[in-house]
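Here it is, the structure in full.
Chain IDs A, B, C, D, E and F follow the sequence of writing; residue 1 opens each chain.
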Amino acid sequence: MHDNNASKIIGCDNSYEESRIVVFGAPFDGTVSYRPGARFGSSAVRSESYSIETYSPYQDRDLEDIRVFDAGDLELPLGNTVKVLEIIEEYAYRILNDGKIPFMIGGEHLVSLGAVRAAVKKYKDLHIIHFDAHSDLRDEYLGESLSHATVMRRCWELVGDRRIFQFGIRSGSREEIYWGKDHVYTSFFDFSRLDGVVEALKGKPVYLTIDLDVLDTSVFPGTGTPEAGGVTFSELLDAVGKVSCLDIVALDMTELSPPLDPSGASTVLACKLLREVLLYVYK
Amino acid sequence: MHDNNASKIIGCDNSYEESRIVVFGAPFDGTVSYRPGARFGSSAVRSESYSIETYSPYQDRDLEDIRVFDAGDLELPLGNTVKVLEIIEEYAYRILNDGKIPFMIGGEHLVSLGAVRAAVKKYKDLHIIHFDAHSDLRDEYLGESLSHATVMRRCWELVGDRRIFQFGIRSGSREEIYWGKDHVYTSFFDFSRLDGVVEALKGKPVYLTIDLDVLDTSVFPGTGTPEAGGVTFSELLDAVGKVSCLDIVALDMTELSPPLDPSGASTVLACKLLREVLLYVYK
Amino acid sequence: MHDNNASKIIGCDNSYEESRIVVFGAPFDGTVSYRPGARFGSSAVRSESYSIETYSPYQDRDLEDIRVFDAGDLELPLGNTVKVLEIIEEYAYRILNDGKIPFMIGGEHLVSLGAVRAAVKKYKDLHIIHFDAHSDLRDEYLGESLSHATVMRRCWELVGDRRIFQFGIRSGSREEIYWGKDHVYTSFFDFSRLDGVVEALKGKPVYLTIDLDVLDTSVFPGTGTPEAGGVTFSELLDAVGKVSCLDIVALDMTELSPPLDPSGASTVLACKLLREVLLYVYK
Amino acid sequence: MHDNNASKIIGCDNSYEESRIVVFGAPFDGTVSYRPGARFGSSAVRSESYSIETYSPYQDRDLEDIRVFDAGDLELPLGNTVKVLEIIEEYAYRILNDGKIPFMIGGEHLVSLGAVRAAVKKYKDLHIIHFDAHSDLRDEYLGESLSHATVMRRCWELVGDRRIFQFGIRSGSREEIYWGKDHVYTSFFDFSRLDGVVEALKGKPVYLTIDLDVLDTSVFPGTGTPEAGGVTFSELLDAVGKVSCLDIVALDMTELSPPLDPSGASTVLACKLLREVLLYVYK
Amino acid sequence: MHDNNASKIIGCDNSYEESRIVVFGAPFDGTVSYRPGARFGSSAVRSESYSIETYSPYQDRDLEDIRVFDAGDLELPLGNTVKVLEIIEEYAYRILNDGKIPFMIGGEHLVSLGAVRAAVKKYKDLHIIHFDAHSDLRDEYLGESLSHATVMRRCWELVGDRRIFQFGIRSGSREEIYWGKDHVYTSFFDFSRLDGVVEALKGKPVYLTIDLDVLDTSVFPGTGTPEAGGVTFSELLDAVGKVSCLDIVALDMTELSPPLDPSGASTVLACKLLREVLLYVYK
Amino acid sequence: MHDNNASKIIGCDNSYEESRIVVFGAPFDGTVSYRPGARFGSSAVRSESYSIETYSPYQDRDLEDIRVFDAGDLELPLGNTVKVLEIIEEYAYRILNDGKIPFMIGGEHLVSLGAVRAAVKKYKDLHIIHFDAHSDLRDEYLGESLSHATVMRRCWELVGDRRIFQFGIRSGSREEIYWGKDHVYTSFFDFSRLDGVVEALKGKPVYLTIDLDVLDTSVFPGTGTPEAGGVTFSELLDAVGKVSCLDIVALDMTELSPPLDPSGASTVLACKLLREVLLYVYK
């Protein structure tokens, strides 16, 4: 019979107790009006992860060397966004409270709000590093305040001015982009100014949120709102490497949408990126 | 240039004022955890309707002979189920209040609840004829009371015992099926006992809700929860014909899921059924 | 190495000279505005035919017992409909002139016009048996006189009143259906009155044109304009069997659209039907 | 977190020890040259089974009432057919030896050979009831003796003349069909003569093998070699019901091919059939 | 209800009269023998445009700042290439005559011929800048003079020697490439020599035709004849920016093929490119 | 009628006798457990090759200038890996023995073993240049010694230490990567050290094996185990150009998987690469 651990992400089959990072899925895409599917992101990562190796030739390290637990997917009530965020917050807080690092796999980007709420409860001085094609700073979207397009605005309400650092941004309404100039730090198109930000954030608690559409559409077409002109896989890997010297207290990776990935290549890329992030962040 | 009315369902391009039936879309599938896509049902019907004729050889009538207005899709806030139902109720009530018949195109089956609320507000003595593969009589589903799997239970709370008449049912939990025996009228698998029900409902205000998965999966694979062993297209057409002699005050057709219809044949069938239902119900 | 004859339809690898039936493809769908793809029908039949057997348990006969030549696909200039029909007519006439039966695989239904022109040149008294969901009797479609929706009207201009016998029809504009009542024989929905027609056509030269959308959409979803409420595979087989006692001088099978057949089942069905028709018609 | 048993087929989460039927997957399609994918059949049934209910309105029974264990998928070495069959035989024999009924989910039809070998080892007088579109009686296929097209010939070598009873057959080479007339019992196209066979097999140990392509292609397009003209879901259900009064000592269900099932409807049908067969066979 | 302007490309909802650029679709792919689908390009751009923003962070400008009218799709008779080009020419000429800039969205590349005919009628001294992977300079293709593979040859007949400037070319027959050396200016593979051409064309009326397959297949797989080794999105954007200082009197963007874009990413890219081109060209 | 040579790869329609390179397909993917489909690679290349030109603007040469024969696909018994490799070895050896260069199109990468066996039989001093994302140096995979994941280890057993030169490698288990350090030459991620290797191999007989997944997933998603971070098309072309100055005695190109290439762009790229490799290698 197949290994029972096949229901865990590859290499993430340690116990909760012994693990320093806890991965969990947040299968929610309830506010995505246009091209849904991100709800299947975490389960696709879980099953497809067996097509990659646990060993990284980039870092010459192996998932077998570290202690990670895959807690599976949260059971989220689709159609009830408020409750979805509460469930995420509660579980992420439990992990933080146990002295571990929560690593959430989306789901749409709004799920980050639940985990950021948990992180800010524990770390008053929380800073957020945000890799994304979209600034997500709207105050409302289609009349709703809780949306994938408003998530960083909601996070800003929690952490305050100049605590959010965005990279790779190449899409937004004029209004939100202009608002952002006064309230967050935005680096358009690429990571060119990441070094300075990393320097400035040394010693601070950092939440890292990676919306996978920061990648160029050629590299990662399997997402709901693909934006041409993005970063390459190597550039993203390099950026994660730089950020990993900071004190990452929680993190997430969102917006893989398997139904929009007919070749499967975006899903496999997400698995590989997950491995690299885990190896980078784990200390 | 193409006809501007191409943004209307074929043959439904009369004005609101002159029309007796008002068709509108309810593009919502927020409670569908498993295989979403019904949110695209109404817009697919709208654009694909141009592949069928306005003339029915079954009834020797033409959509050009009747007055129907296609109001387009409601703008619904995904992720906020409560508000979605309020918007539907409000719009359906406006149509009813104007002395017209609302014909809603889903969307998932839960949208029926909004329209039933409107109908019951106007017609205290409302009865419901329900064509479906699933009894949808659960009290809760995944902890939520508002769900595609609970919609007829919620409707029952509005209309009371023995006012719901189900046909074609072939799936349900044991608990809900047994509960149904005491509270609704259920005809399993087919329409064999429809004649008697039609006889009994003469003169009563009737809401007709057609979950398209009442059709056999061979006939209609493009739906979220296909159930083998269903009725044929001819049987459904025949059943609608019988029901149309009643006083239909409002109606809907739900659960077409275009992403699950790669050949497009289910979508075209839904368009054709819509034409036949319009011609039958219009008096 | 694979058999060189793999580029022939299975069992149709005899020489032109020794064959009594000549199969050829007409890969054209130039007038199909809505859901193109029928141009790939004949080549799909050719390659997928190797998934069926040459033996028919229905007739207890084998393609190995008869002499059929597959001439491959005609090279047709897409975008030049007039020339396309000329090329078809010329090739079909050559086959007829050599005392053989042309069996054309479409392509969209308009290709039948080319072959009917050839047949009517040789057989002044030609009659047409037409299996289809659509009456195709429009005089114009989108301003064009040469269209898949006008093909039988053009054929009527060649053979005259009461020489076309339609079966399975269940779609048309009111105008064309009413026009048809005066000029052609139309049997709606099924083959119920086929026996009488066969009796009446004994001894006449007959062209048999099968638009595969005569089949129900459950049986044959892989076509450009699927119409629910059609005939079953057994009913179609039975009808072909009855017709085969007539003097079929030419025939065709059109409107398989492989891009609309993601499961591949419609293509395999077309291959099987082709085998049965060949075995029935060959004498 | 989601229920850990989500990695079991719905309702098959009892322990091995307490269960009377043991379901297991045989994810192999190594001899399928044409349209592979059956290897994914068992895992698709496992995950999609959560879209159906455990309760059967056909039998008014529930999977919760019976004791079934889902052992998961066997780990099979693709590319090594001989070893694949050995592994299947070994596991099926272990189940039989423990006094339980093995129920194998394919995979391609050849996997049945492994389980039949196990059954014939325990039951010398084994008879086989075989539902299929194809007779599978070839002696060789593409030069190989172990193939999905030869599986019943290999089984015949184990059980001997007149011990195999085929139903629904509608495809085969002339040679194998004629060979079959002397060695097996074949009922073409349907189940019309099933009653007599059931009567005759009372008291004998029976292996039931269901190749899902016995179903009509409209009902079950998601399979490698779809054959038009098959049985309906109701007919198959009825046939299983009749057979279930016999002493079924082992059984299987094969040839669901998820990649050929883009709408997902064939997979859901297989899940529903599995439930009905379990409820019928369990005593 | 949804905004009625949803049937316009986002941000292109001004009136014809007040607009300086008129966008229109030319849904034609009648000469594409191999992989059709470009006919759906313009309508896909129209509906998918709502997934991007009207604001460009590249240019810090917004579609709201400019005046563009989307006239919808021309109604083109598929199967009649000559008439298709006449309709395009007529409409483009009307726009030019009204002192506006026509911006045509294909459709296959042949549609450019219609618009170039209109432009050359108004501007005798017309020059053409041509971004493409293919030189499209054949005299005939499959026996036809009007084809996507001959379009620039036909344009050359209108404008004469050395008036066509091609960039990004990486495919052609030897014959057409060699012919081109004597009659047009061809820059292979990239835009490296664009600056000089822009300099030379200052003050001349320029038609800009962008065949989207000039982009690398990684960036833009959703097209009929993808060619590896193309330019990046940034390079194309940069090239458009340079060209926009010229006197662009008419332009087009062709060869998006939505059926070949299963992830949807190519369609979204085309929308984004359209926004950038509009903002660049509008003065 | 279409040219009979359409069943040959474009430009490869010379006779066996006059040709210097013989292309043949090895349609096998029997050991691919995860995402099969490579078995369809060679036939897809054959039919899609007609969408590219025979002329290369990169090399200013044309396939018409050289003599290549396409022998079609080998008939391989799926499910019998040992025999598959024997058939490949036998055919490749026949070509080598006739003084020609075999160029095999896969199929999965394991097919290379058959051709390497043939080459090493003729050239005792054989060296292998290996372009791939994966090192394929495992000793066993899922208990089998013959696997796509072990193919280079099996080749190493034939040619010995330091005779295999790998480029582009970015995935492997720690064990195989470490083993490789002692036995083969591995250049990770790119071709940066190719010049030195080419220099060193001057005068030696070289087998060139190109696993197409060496390309970045953005460039070539249509493969079973896509790996982000790969080389571009230009880099691969450049590398092939460099290698072509060596004495290439046999070569292959593997792992195109058409079912994983829904846009078709990967298949077209493989055709174009095939053309370039043929023109480079032919002397």
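Note that contacts are C-beta pairs under 8 Å (C-beta built on N, C-alpha and C of every residue); 3 or more make two chains touch, one makes a residue touch a chain.
Just so it is clear, the structure is predicted and the values come from calculations on it, not from any experiment.
Note: the chain lying farthest from chain D is E, by mean C-alpha position.
If you match contact pairs by residue number, over half of those in E-F turn up again in just one of A-E, A-B or D-F, and that pair is A-E.
Computed centre separation for the pair chain B/chain F is 56 angstrom, with centres defined by C-alpha atoms.
Averaging Cα coordinates per chain places chain A and chain F 38 Å apart. Along chain B, residues 75, 216, 218-219, 262 each make contact with two or more other chains. Within the complex formed with chain D, the residues of chain C that make contact are 50-55, 57-58, 62, 64, 216, 218-219, 233-234, 237, 262-265, 268-269, 272-273.
Taken together, the chain B residues at the contact with chain D in this complex read 34-35, 169-174, 177, 188-189, 216-219, 221-222, 225-229, 260-262, 266.
Interface residues of chain F, counted against chain D in their complex, comprise 30-33, 36, 39, 75, 77-81, 142-144, 146-147, 259.
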